[in-house]
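Residue numbering begins at 1 within each chain, and the chains themselves are lettered A, B, C and D in the order written.
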Amino acid sequence: MAGSTYGTIFKITTWGESHGKALGVVIDGCPAGLPLQEEDIQFYLDRRRPGASHITTQRKEADRVEILSGVFEGKTTGTPISLMIHNTSQISGDYNEIASYYRPGHADYTFDQKYGFRDYRGGGRSSGRETIGRVAAGAIACKILKLLGITLCAYTRSIGPIEADMSKFDRQVIAQTPTAMPDPHAAKAALAYLETTRQENDSAGGCMECLVEGLPAGIGEPVFEKLDANLAKAMMSIGAVKAVEIGDGHRVARRHGSENNDAFRMEEGNVKKSTNHAGGILGGISDGDTIVLRAYVKPTPSIFRTQETVNQSGQEIDINIKGRHDPIIVPRAIVVMECMTALTILDAMLIHMTARLDFVMDFYTNRRTPSI
Amino acid sequence: MAGSTYGTIFKITTWGESHGKALGVVIDGCPAGLPLQEEDIQFYLDRRRPGASHITTQRKEADRVEILSGVFEGKTTGTPISLMIHNTSQISGDYNEIASYYRPGHADYTFDQKYGFRDYRGGGRSSGRETIGRVAAGAIACKILKLLGITLCAYTRSIGPIEADMSKFDRQVIAQTPTAMPDPHAAKAALAYLETTRQENDSAGGCMECLVEGLPAGIGEPVFEKLDANLAKAMMSIGAVKAVEIGDGHRVARRHGSENNDAFRMEEGNVKKSTNHAGGILGGISDGDTIVLRAYVKPTPSIFRTQETVNQSGQEIDINIKGRHDPIIVPRAIVVMECMTALTILDAMLIHMTARLDFVMDFYTNRRTPSI
Amino acid sequence: MAGSTYGTIFKITTWGESHGKALGVVIDGCPAGLPLQEEDIQFYLDRRRPGASHITTQRKEADRVEILSGVFEGKTTGTPISLMIHNTSQISGDYNEIASYYRPGHADYTFDQKYGFRDYRGGGRSSGRETIGRVAAGAIACKILKLLGITLCAYTRSIGPIEADMSKFDRQVIAQTPTAMPDPHAAKAALAYLETTRQENDSAGGCMECLVEGLPAGIGEPVFEKLDANLAKAMMSIGAVKAVEIGDGHRVARRHGSENNDAFRMEEGNVKKSTNHAGGILGGISDGDTIVLRAYVKPTPSIFRTQETVNQSGQEIDINIKGRHDPIIVPRAIVVMECMTALTILDAMLIHMTARLDFVMDFYTNRRTPSI
Amino acid sequence: MAGSTYGTIFKITTWGESHGKALGVVIDGCPAGLPLQEEDIQFYLDRRRPGASHITTQRKEADRVEILSGVFEGKTTGTPISLMIHNTSQISGDYNEIASYYRPGHADYTFDQKYGFRDYRGGGRSSGRETIGRVAAGAIACKILKLLGITLCAYTRSIGPIEADMSKFDRQVIAQTPTAMPDPHAAKAALAYLETTRQENDSAGGCMECLVEGLPAGIGEPVFEKLDANLAKAMMSIGAVKAVEIGDGHRVARRHGSENNDAFRMEEGNVKKSTNHAGGILGGISDGDTIVLRAYVKPTPSIFRTQETVNQSGQEIDINIKGRHDPIIVPRAIVVMECMTALTILDAMLIHMTARLDFVMDFYTNRRTPSI
């Protein structure tokens, strides 16, 4: 369990380093018969790429995906889908210096402690570029979920002290602002805040949120494989995430049960909840309501100020980090959040198909599979 | 992956319902040669049992553990350890009524949606009693960690609006108050708050925290099996937890990088950090500092007030829940948090033993394993 | 992966030693809604128990199964089913002597090498009694397969040099002879052979075969999780099995392709094969024909003759094993073979339900799951 | 579990089809610090390539491996190693015809039944080219095993009726004959047999054997993850293998216990066995003796004779297969057997490192891991 494989049925394995030849992912267990083209995946990778604004890294990568296997005549075959994205804009020279010391807030020290040495170029495997494989695989999961009537929408909830006003939520705005905020007013304020931050050679944190709509009730498992438990793992596995919430999250701790319980009611013959403090999950299983997921992201640890640290010889030194770094991680991590959520939910949905004897009987006895 | 198995090397499988004959756990992969007695486990189960105070359920269970396999002449044999705890105080009559409707905030509705029906007695598998197996297994993990010089300490950080003052932290106090708070002043205030809550037939939420000390650097994996990702899953898999934090958690989202980065420095020849905003984990791998973990728990959904809900026939009804319920979950969940943390960390430590060629070479070529 | 868990979706975890308090199994992932009683399981355990004849051990165990969880109102709930069988007839005194030396053909030496010591009473975890958990779980798998129209039939193909004449195959005979052979003539000869063997204080080996009928085409996976690969693992995981075959097995190595290929033909509108050299599996996936599986079992290593071995002090000694041992393993292992086959096939069938997009679309969009 | 991932700690995921752009494998969990170059892997791939003789396919592929990630400054980093081999010699035109019908002995029909359609070019994922990823990953496992003093040697035991005389075993001969037999005499006879077979437009089967020397006692697990169970799975997962044996294999079924038991004895202070009928494994755990493994391979199903089959429209037709096919699979599968054995054994060895408390204590408390 060296940790680059994720999922039980829809299983992905990512590989690649920031400054290696390429990055990629192998998806095993993708249902056969899905129409799939490189464009389906490219669309998500493009959302992940840095834009033209001040708030993203100056490293420009084309990040063109190539399908190497698992697709025949435009459809997935049920066998492993191998996706590769070449690195083209590595400037490893920027990183030679960091080979010898440990950047605060980075994984340099812990990788050395774990493995005895590290690929220091651009952070190697601990770079944000590691998420390319997740996004490429997640694009496929999102495509399947969409066919099943399930839509995901991730956006920036806050940047530093600037919070989106959710009463002004406008889904269109998310893609129109480099902040990925759904509220144009807050987006403007956040950009100003980030500009100041950047001028002070500093970086900012923020909060991202993902909504999942259309998920039927019954998805997830009790006990260890709760849907929210797996979503929490998925979120915390994204570099720089330090807190995860479902529904009302940490706010529930200050409430009374009478305030926090969501009453059930009937609506057009269906069971609904009057409120959604629970965020769409009860006892680890989806309740049919919108899944609400939040992840809090620390400020980019690479800042352009002098910092104190130690080097590999055990000397205390002052350092000034060079290179190309986003002053904030959140807007580019939005699509990673969406993809990790999709991967987690799709896998849970596939597992759920085997949960009941009547499902199994229906599949094997009522379905007519003509041998020709 | 029906979800009752946890861990890769130190693997546990729990079973049992609130009102079934018994509950238990099978631990597979426990290293051979560990001295183990029922008392080692009983000590942790007793910490989980309701106390004599007003703030815990009136259901009294002896919760005596029995070792059924895997221990010979007082030591673990390396084969599965089966632990069983009989249920003795089931009063299922209390629950017959809930068979027909869906309690707000509970998993009744989602279990029905998933499985087509449910064991409604006391919540069945979704009951808090499900955690007995986790605690029994976790007691063994804790014992091993202790032998390795690693100590865990979980406590109540807050109850409703009452927060422990960490400058008054006193480890002794935790076991002395039914609140499990480490600050005697806050504990007193919390008890008063809970008494009021109880009198209003309501329930309260809270926050629990766990510190892990002595963990060496290098534990955990990059990418999906990050130590913090697995801890987040472990926490969110505990019923009623709605938010999880590592280190400074959601507070990092409002900070600048210059505030949030932990500078490295030397201390007696060892690398240390000047601060611990990161909570002891960088890039998913332990950094040698204290692991700081927080979980936010919703108020007990079973409250003794009239609530609106629907029944299985699709009628909107008013209900009044009976039965025996804690007005707050947190103090009894403390030991569950500690145990889930221990299970997660021990498993990561066992996996880490294979991370480097020099570890493997050292084990297989330098060690002298005489054949007699 | 300490090795007592088997399966991906229908996942079982066995525990228990020959002379411990009890043995058992936890089944996680059994579909909800299956009618299940202790009698369903007891029937299979009774088939595993030693009979009254000379060819089985004199140890008599009631082997009564108890369902501890996962069944409510006579149906499986989808949560873990815990089954326990108490040991009642342990005579550990028989085994004190073997604590100090290594019995030829047994796992005494290898357990000591692996774990540093061992539960020597009756072989501990390496005893044939370990299979009780497999049979208890397999009984449930068999019940589900039967509902899906799939039947399994295992029997003794040969004992020592005596081979069943398959042209005289009579399914009824299997249960009527202590040899479990399907040919009454061979059964008689085998009994005579075993009687001679027993009188010479020796033991015998044999071959067992299992036929699976009614399995639809398409079950299994390409590459590593081939249906035959998993069946081979399942068979070789049964103690004393030293060879496994699918279809014509080792005989194919001497054939030409023109002799070994099974021609396809049409029969009442369905694709069939003219012959079944392949044993019902092509490329790791079932082809709709009968699955033919064979396992070769070594003679019981415990024989009542003087044998040379070494003790734990490294001295060469002569030993005479005492205790109660079957002179042949095969007839009692038949039901274990059937159960391991059932567990493997059912798990593959559950996984197959997610193999195609049209299966998933059909499940989630065409099925009508009313929320009430 | 779509089946293209193998292993628990040393985990590989293969991908690619016979006529796709490329084939490859991702190795996750390879210990850090292993010196690794493309040449290490190329050596094994070259052993797998068809030679110049009549007995191998006329398809010529360079099969050059490229390391895409996981190696830095000539050493493995502990993160995923991605290996890719481009297909360069696809002549898909050869295969257009087979799109419409089911070749006897092939997986065409079962793939269609499973997935609804298939990549028919060269057999797609069910082609023998699928093993390229296994060999590339296995080369790394072999390199590590060699460093640990463990050597593997696979060879052809028989071809059709021609059996190698093991008393004339000469390791040098294996690489010198296109038959991969260790006995020059038998090799010559086998070549003559294959030439006749080829002239008759037919194909031949055979048996391959693998010896593992230097493996310490204690490797493997009891119950389901027995070393021999996993080796059996590994062997049967290789296309065309229909029988697997450990040690004396199917011959044990005709023996008495007194003939089959291997007596223990002392040799220079070490426990040894007088004979090795068991093939180096007792109770699923290695006993320190040579591991003896055998796999029986069916004749190549593609033969150049007219065969009867059906097409996708359900018509019975006569076919004549074209394309480039080996008249025997065995000699080229030898290296696949060796690699699958190495992968299985290395994974078991890594898992074994966590089997005892004293191992864990030794690793975490006695080892001195300086933080710098």
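Just so we're on the same page, a residue touches a chain if its C-beta (ideal position, glycine included) is under 8 Å from a C-beta of that chain, and two chains touch if they have at least 3 such contacts.
On a predicted model such as this, the values are computed, not experimentally measured, just so you know.
*Asks:* With chain centres set to the mean of the C-alpha atoms, which chain is at the far end from subunit C?
*Replies:* A
*Asks:* For subunit A versus subunit B, what separation do you get between their C-alpha means, in angstrom?
*Replies:* 26
*Asks:* Centroid from C-alpha atoms only, then distance subunit B to subunit D, rounded to Å. What do you get?
*Replies:* Inter-chain centre distance comes to 44 Å.
*Asks:* When the C-alpha atoms of subunit B and subunit C are each averaged to a single point, how far apart are the two points in Å?
*Replies:* From the centre of subunit B to the centre of subunit C is 37 Å.
*Asks:* For subunit D, write out the residues touching at least two other chains, lowest number first.
*Replies:* 1-5, 8-9, 14, 29, 32-33, 78-79, 113-116, 125, 216-218, 222, 269, 271, 288, 310, 314, 351, 355-356, 358, 369, 371-372
*Asks:* So how do the chains connect up here, line, ring, star, complete, or something else (other)?
*Replies:* Shape of the chain contacts: complete, all pairs touching.
*Asks:* Which positions of subunit C touch subunit A when the two form their complex?
*Replies:* Per the touch definition, subunit C meets subunit A at residues 8-9, 29, 31-34, 76, 78-79, 144, 147-149, 216-218, 222, 269-271, 288, 349-351, 353-365, 367, 369-372.
*Asks:* Which subunit C residues qualify as touching subunit B in the complex?
*Replies:* Residue positions touching the partner: 1-5, 8-9, 11, 13-17, 20-24, 26, 28-30, 32-33, 66, 68-70, 72, 75, 77-82, 84, 113-119, 121, 124-125, 310, 312-314, 369, 371-372.
*Asks:* Considering the complex alone, what residue numbers of subunit B touch subunit A?
*Replies:* Going by the criterion above, the answer is residues 1-6, 8, 14, 102, 104-107, 109-111, 113-116, 125-126, 130, 158, 160-161, 197, 200, 202-207, 216-226, 228-237, 239, 242-250, 252-266, 269, 271, 274, 277-279, 281-288, 296-303, 305, 307-310, 314-316, 351-352, 355-356, 358.
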